[in-house]
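Have a look at the structure that comes next, please.
Chain lettering (A, B, C and D) follows the sequence in which the chains are written, and residue indices restart at 1 in each chain.
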Amino acid sequence: MRSLNYPVVIVNFKIYIESTGKRGLELAKLAEKAYKETGVCIAVAPQAPDIRLIAENTDIPVLAQHIDPMTPGAGTGAILAEAVKEAGAVGTLINHSEKRLTLADIDACIKRARQVGLISLVCTNTPEVTYATAALNPDIIAYEPPELIGTGIPVSKAKPEAVTEALQLVEKINPHLPVLCGAGISTGEDVKKALELGTKGVLLASGVVKAKDPYKILVDMAKACL
Amino acid sequence: MRSLNYPVVIVNFKIYIESTGKRGLELAKLAEKAYKETGVCIAVAPQAPDIRLIAENTDIPVLAQHIDPMTPGAGTGAILAEAVKEAGAVGTLINHSEKRLTLADIDACIKRARQVGLISLVCTNTPEVTYATAALNPDIIAYEPPELIGTGIPVSKAKPEAVTEALQLVEKINPHLPVLCGAGISTGEDVKKALELGTKGVLLASGVVKAKDPYKILVDMAKACL
Amino acid sequence: MRSLNYPVVIVNFKIYIESTGKRGLELAKLAEKAYKETGVCIAVAPQAPDIRLIAENTDIPVLAQHIDPMTPGAGTGAILAEAVKEAGAVGTLINHSEKRLTLADIDACIKRARQVGLISLVCTNTPEVTYATAALNPDIIAYEPPELIGTGIPVSKAKPEAVTEALQLVEKINPHLPVLCGAGISTGEDVKKALELGTKGVLLASGVVKAKDPYKILVDMAKACL
Amino acid sequence: MRSLNYPVVIVNFKIYIESTGKRGLELAKLAEKAYKETGVCIAVAPQAPDIRLIAENTDIPVLAQHIDPMTPGAGTGAILAEAVKEAGAVGTLINHSEKRLTLADIDACIKRARQVGLISLVCTNTPEVTYATAALNPDIIAYEPPELIGTGIPVSKAKPEAVTEALQLVEKINPHLPVLCGAGISTGEDVKKALELGTKGVLLASGVVKAKDPYKILVDMAKACL
């Protein structure tokens, strides 16, 4: 299972030590196991140096956490779309709240991702920004109110009306564009509520990465998608 | 040969397509071959997604092109010092002219690199900035006037007095701190001139990456160090 | 005449020495004279330190070149919406190609401008970005392909189809949202062509600021709006 | 009294509403009154749109909160050294913790300030960064541990050894370079302690701007300098 299908649970590894290097690979293997047990798509977004390691040793979709809008050339320290693609990523997060991009660069990153065959998942912070992002025509949007990220207070329960508003605005532009939500998601129930609101899944990080038993949480979340 | 020794030739792979992924590994293998033929230290700085690939399949020092100053935690899209270290890098470029950092972050990156056991190589753009950087106590400095980068006009010939000034200023702070120069370096003669000025080697990119015969250039540069 | 009306000619003073301080005030007075002669709205966007000087001494609309998305508080070096409002600006440019903002910050700046009673004019670089910006609901959009800025090659003649596409996309979101175009505009004829394409005016800089006879150009441009 | 002399108390107005526009002018007039009563140099750093207002209506030194490293030309939204100079500033803060600059830009800003006749005051966050900044040869340094800014816990009491270390490092580069300290300074006693450590004064913000009686605090601080 290399491409995304819906509903989807996407685990952002961020730069947590628990998801760096070999520990990241172990966590990705737990995600793979949960996928195999439930059949629900679980994707992971490891750090750039770990993309190849995880893509080569698991059979779940791997996303980069970021790409730069640049084309091949001079650009020391940038993350080139071609490089993450060749390393085995099937897509990339763009504009995460911890890596905000200019509007011009989001547009350019979506185009670059499409050029090299990467799925573009753009993160947004307000209903208005979600609406605007839909106009840029990415492959997926993840709406995440930044004030809830990392809190354990799930967006799907704390701000259901904002999620609904974001979904309605996206529908005006493109009714087929999948929208996820994220921020504070840490249980299967949070995921279930997110799907009930009309999203196609969730983007989360600490809820799984910092969990005592990540496998159990992943299975709970996947089952909530069935 | 995993750690740096001097004189050194460091090849920055930037995000050139010629040095991305498998092509980057091939180029690194040519660098390794040139090192084995000459005994001169040649290091490479591939993109983050390629660090592990190259570190695992060659026996030359691998540097990251950039690290972020952050500690493990939330920080989507950042490059964590621990991650590049575990991927096999022995050091990292910091503050390349294409990835300028705040002064506070350069200080923090040098400290982070030291914490995890990475060699810190800070790039500078003027003699004054080189002097300031020496005060931050990195492991290596590479002085590169940005107006010459990628031009083929070698800093060692076009601005010898600026290189000398940078070296003198560094010496006032720490006479044992190795200083390289870069920008426009594309022949063995350019390297020789750089060493005559008192540098401990060179940092370069397109001169090798975009060369018709990178191996020949690398051997020429390495021999200029003997 | 303190608020904008259409068609409008907006002169961005940038940080040209010809439009700094007293010379900026003189240029603004020429713009005021051209407005009084023609009745066409001409607005100016001086540097932050010159807003009050020009607003107090002319009777044309003054825009800031930039505001930050911040609310009053700690924020050294930021440009607060309240401060430019109190200094006499009636609006502000947001996201000029020389001051690109994150998508989240554009959204926040539009909201901040509205809160304090400033007109928000957001600059865009592609038709897609223009579409997205319309979704953020600013008061005006100025579409400026960055590759033409400062060239003297007018967007209205070099890229009429891109202007038309941008206008059509905006209309899908909000048919009443005024769209200007900019980049390379330097004659009355360029302005005329821009209006024929359906824009409500132009945003320009060097075409007037660096002109030998700015007053003549301004009158030509204003007359092209009649 | 238009130029700085030592000891000095510098009040950074930040973007507090209490120090914006006319309220900023009133606060500056209190600072002027405290200077006239005590003879101790008190300088203020208002927002860019307020520099001219305060410089024209008071007789104390006015500093910009920030300049950009650019020379006159294209650069929408930037703060040009020439513009703040002509507006009446005698100097500028550079690299405040709320407006961090790249090392290359700090070097360029110091040079730009000198070119146009502005005093350059560079803010630093660690002893090492203070040492590095001294090597860039600014006119003044203000060492401010960011973790104490806005806390009311004075650096001069909470981290005396760090202030001393910063002073010793600066002395190795240039014994005549004045060093201030800042962060958490809110009483005359905090100022006294700062001077005892060997600094030439203080940089502060909320301690005065948010005070119930800013004049009283300013007089207390000025008297602590006698």
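A few remarks follow.
Operating definition for what follows: a residue touches a chain if its C-beta (ideal position, glycine included) is under 8 Å from a C-beta of that chain, and two chains touch if they have at least 3 such contacts.
Bear in mind the structure is a predicted one, so any value in this text is a computation, not a measurement.
When chain centres are set by their Cα atoms, the one at the greatest distance from chain B is C. Inter-chain centre distance (chain B to chain D, centres taken as mean C-alpha positions): 37 Å. Rounded to whole angstrom, the centroid-to-centroid distance between chain A and chain B, based on C-alpha atoms, equals 34 Å.
Measuring from the averaged C-alpha position of chain A to that of chain D gives a distance of 44 Å. Shared contact sites, meaning residues of chain D that touch two or more other chains, fall at 97. By the definition of touch given earlier, these chain pairs are in contact: A-B, A-C, B-D, C-D. On chain B, the positions that touch chain A within their shared complex are 12, 14-17, 20-22, 45, 47-53, 64-66, 68, 70, 72-80, 82-84, 86-87, 93, 96-99, 149-150, 205-206. Across the complex, chain D is touched by residues 95, 97, 100-107, 124-126, 128-129, 131-137, 169, 173 of chain B.
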